[in-house]
Amino acid sequence: MDLSHINDQGRARMVDVSDKEETNREAIAKGYVYMKRETLDRINEGTMKKGDVLSVSQVAGIMGAKSTASIIPMCHPIMLSGCDISFKLDFEYNRVEIISTVKNSGQTGVEMEALTAVVVAGLTIYDMCKAIDKEMIISDVMLIRKTGGKSGIFQREQI
Amino acid sequence: MDLSHINDQGRARMVDVSDKEETNREAIAKGYVYMKRETLDRINEGTMKKGDVLSVSQVAGIMGAKSTASIIPMCHPIMLSGCDISFKLDFEYNRVEIISTVKNSGQTGVEMEALTAVVVAGLTIYDMCKAIDKEMIISDVMLIRKTGGKSGIFQREQI
Amino acid sequence: MDLSHINDQGRARMVDVSDKEETNREAIAKGYVYMKRETLDRINEGTMKKGDVLSVSQVAGIMGAKSTASIIPMCHPIMLSGCDISFKLDFEYNRVEIISTVKNSGQTGVEMEALTAVVVAGLTIYDMCKAIDKEMIISDVMLIRKTGGKSGIFQREQI
Amino acid sequence: MDLSHINDQGRARMVDVSDKEETNREAIAKGYVYMKRETLDRINEGTMKKGDVLSVSQVAGIMGAKSTASIIPMCHPIMLSGCDISFKLDFEYNRVEIISTVKNSGQTGVEMEALTAVVVAGLTIYDMCKAIDKEMIISDVMLIRKTGGKSGIFQREQI
Amino acid sequence: MDLSHINDQGRARMVDVSDKEETNREAIAKGYVYMKRETLDRINEGTMKKGDVLSVSQVAGIMGAKSTASIIPMCHPIMLSGCDISFKLDFEYNRVEIISTVKNSGQTGVEMEALTAVVVAGLTIYDMCKAIDKEMIISDVMLIRKTGGKSGIFQREQI
Amino acid sequence: MDLSHINDQGRARMVDVSDKEETNREAIAKGYVYMKRETLDRINEGTMKKGDVLSVSQVAGIMGAKSTASIIPMCHPIMLSGCDISFKLDFEYNRVEIISTVKNSGQTGVEMEALTAVVVAGLTIYDMCKAIDKEMIISDVMLIRKTGGKSGIFQREQI
């Protein structure tokens, strides 16, 4: 199978999708931000209050999903029909789990939008907590599930 | 120590840095994209040619660094004075290592710009190879080193 | 009726519209910029000339309408099919009336685009006249009419 | 006094500020969103919870302030050194008061950034509550105070 | 025939295309960057290597095509379904020929996107070579061919 | 002399300018849009009226200058301190001459901003007149003069 992003001159192009069917599509991605226990505790306290770190992270992630095509060079512009992000504080591994769900109806899928939502949400958590923890790590950002389109359902085996 | 991003009403704000000194600052971040061996081989073949995946990834990462303040809500706008990205293909762990170096002269540092460069470069690798490998993982995105500013040098112990 | 922008975790999301019908939609919004009489006179003189304040304001308003989804966090990206702005100089109340009309064909309406066009046009008038009048006020920005979509016609009673 | 935005050909230009002094500057703006009592009640309930309307509005307002120069045609790009927004729920007049404070150090002031923060925050409140109240009005958006720069302090008399 | 961009008040508007048919459309544009022979030689050497000037120019041109509607005031937002750029080094006239091909399916065509791709690609060549040649000239940027839509095929006679 | 945009791995980078002096800089660029005589006549008639093609073109060119660093990959972000554009209708050659003047105070110059202003202004003229003339050509876009910075004055010999 070919890297379809490469043109005849061996350079990158935005793939022509004009013959692909327009279907309802969905992609789910996840990722983690690992941090010190104290940092996680601070975020947890915040979730009791109105202006918490995760609210800002969520707004950033959703706006990030919308700007995917202007950030990733060969991505097609896409009309998102929905975007949601959820968080889980995991005190066993001292990390925040970020899960994004993105939907569209169009000729290309929304994997990149779902992944971009996760990393932008993660970067925002880093930004808002870096005054107390510069060693946070954004990790295990991956596509979980993708439906719609010719290639059918992709479901990642959980690790 | 406080989460300085929170205002009196408990909501997020962009911290006032007008009293901080203007110094030369630098931040180095790194991250990895894990993939199938075949995918890494394909990228490796590409580096022999002009239009390779990593060239596009690098352009994306540098442009990503420049757009950090419009992606991350509480980030200050910053005049980057330089930005570079390097890649290492690692055939032992089947991954691409991405290292970004960002410089500026100003009242706030460029950690977020360096981290954003890494994740945008990583997302671009994913985008350009996803036709052959949807299971790639962006991982271990972290700040390596930061100099300049009142808080002095931050140097992460290598793992 | 619920605030549909809130997800299960109580945080904001971009509402899923993938089941909504694709129809022709239109929204009309208006607003005013109140100012000193001298400022209004100056704008009026300008409309006789080619480079007037209102021409710049109009370009800004139209471009603002197009960038609504990148400014308003939970707004869906929308393909505008048309956008127009008209002005009326009102010497009785010393104000400029701004009326925007925005059209699209899609799954969500263009109220936000019409309102954004009005406020960006208003801000631009402020910007271009602030050297002579810092006390201008942008006021009474409201949706006048909205057609298309399941909720049918909304027509505001005039005040 | 002249409209300095007009060039020799009678067209708009971005004024040359290269001879202006670089000083610390601050601008404060305010505005209101008028709404039904029920809508205000709903927002008020939300402020008890983490994902409230005002948190999203605040993030939007701060990001709006940062993008002022790309929204308002003749605005100079500015490095904001700080931005904050506060809200007051006013049950007497059934409105939300929005106050923004923006700081920078540079050759031009931040009035436009403060005003843009207010209107974008207001538009976001509209967007998130429009499912239950399409008749909200954004009103009385004005500059309250401005310090720094050659023209000195501007302080609006309260109305 | 009228300049359809002008509204009743004699000001610019974004033309209403909601009654136009949605068809597959394509536009091809070209342009040249003239330069010193030594500059062309340097670019030519680069094409042998991975990080050449033309690869960066191509990424820029494709991203430029995607941002056309935010750069050109009265342009409709458009969902590109494909974009490609090719280069030819012309040692007879000491110039680089840039040809862009843009496709979409929608109510308006992609001429502006194709032209924007060419000029952004050209500006990027200038930027990356200006350290050795400030006298480069971007010239002869024109639409070559356009298909789809009511107005039918436009084919420019070659010069 | 080297192409300074190339890093050790042979890929593109944003050059480090942190050791360059901060000086007042200015760049002047020009370009032409060639068109049918009838098209030029139509533009000329418009300049008598308020909403003319050239006013929109000028706003677009100035906004384009401000967005140069987000369009051209390796361009440094720059705080423009001024930007102006002038037009001359040339009935001998049936063309519009566009001249841009851009100023800043910083570590890098504004050649790219001046050139970007010209091409964006030219593209906007094309966009607004393409309904009556698809054969317009944007040509002879070049840097005329550049002052400030270590490399001193660049003055192009007129052709």
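All chains are identified by letter, namely A, B, C, D, E and F, in their written order; residue positions are counted from 1 within each chain.
Assume a contact is a pair of C-beta atoms (placed from the backbone, for glycine too) under 8 Å apart; a residue touches a chain by one contact, two chains touch by 3 or more.
Quantities reported herein were computed from a predicted structural model and do not represent experimental measurements.
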(request) Using the contact definition stated above, find the chains touching both chain B and chain D. (result) A, F
(message) Using the touch definition from the top, what's the fewest steps needed to get from chain A to chain F?
(response) 2
(message) If over half the contact pairs have to be identical by residue number, which pair among B-D, B-E or C-D is the repeat of C-F?
(response) B-E
(request) By the contact definition above, name the pair with the higher C-beta contact count: B-E or E-F. (result) E-F
(request) Express in whole angstrom the distance between the two chain centres, defined as the mean CA positions of chain B and chain F. (result) 31
(message) Between chain A and chain B, what distance separates the C-alpha centroids? Give it in angstrom.
(response) 16
(message) Can you list every residue of chain B that touches 2 or more other chains, as numbers and ranges?
(response) 7, 9, 11-12, 49-51, 54-56, 58-60, 63, 67, 73-74, 78-79
(request) Quick one: label the inter-chain contact graph as line, ring, star, complete or other. (result) other
(request) Using the touch rule from the top, collect the residues of chain D that touch chain C in their complex. (result) 1-7, 9-12, 31, 42, 46, 49-51, 53, 55-56, 59-60, 63-64, 67, 71-75, 111-112, 115-116, 119-120, 122-124, 126-132, 134-143, 146, 154, 156
(request) Could you please specify the touching residues of chain E with respect to chain C in the complex? (result) 7-9, 11-18, 69-70, 73-74, 76-79, 106-107
(request) Enumerate the contact residues on chain B facing chain F in the complex. (result) 24, 54-55, 58-59, 62-63, 65-67, 78-87, 103-105
(request) Spell out the residues on chain E that touch chain B in their complex, using ranges where they run on. (result) 47-52, 54-56, 58-60, 63
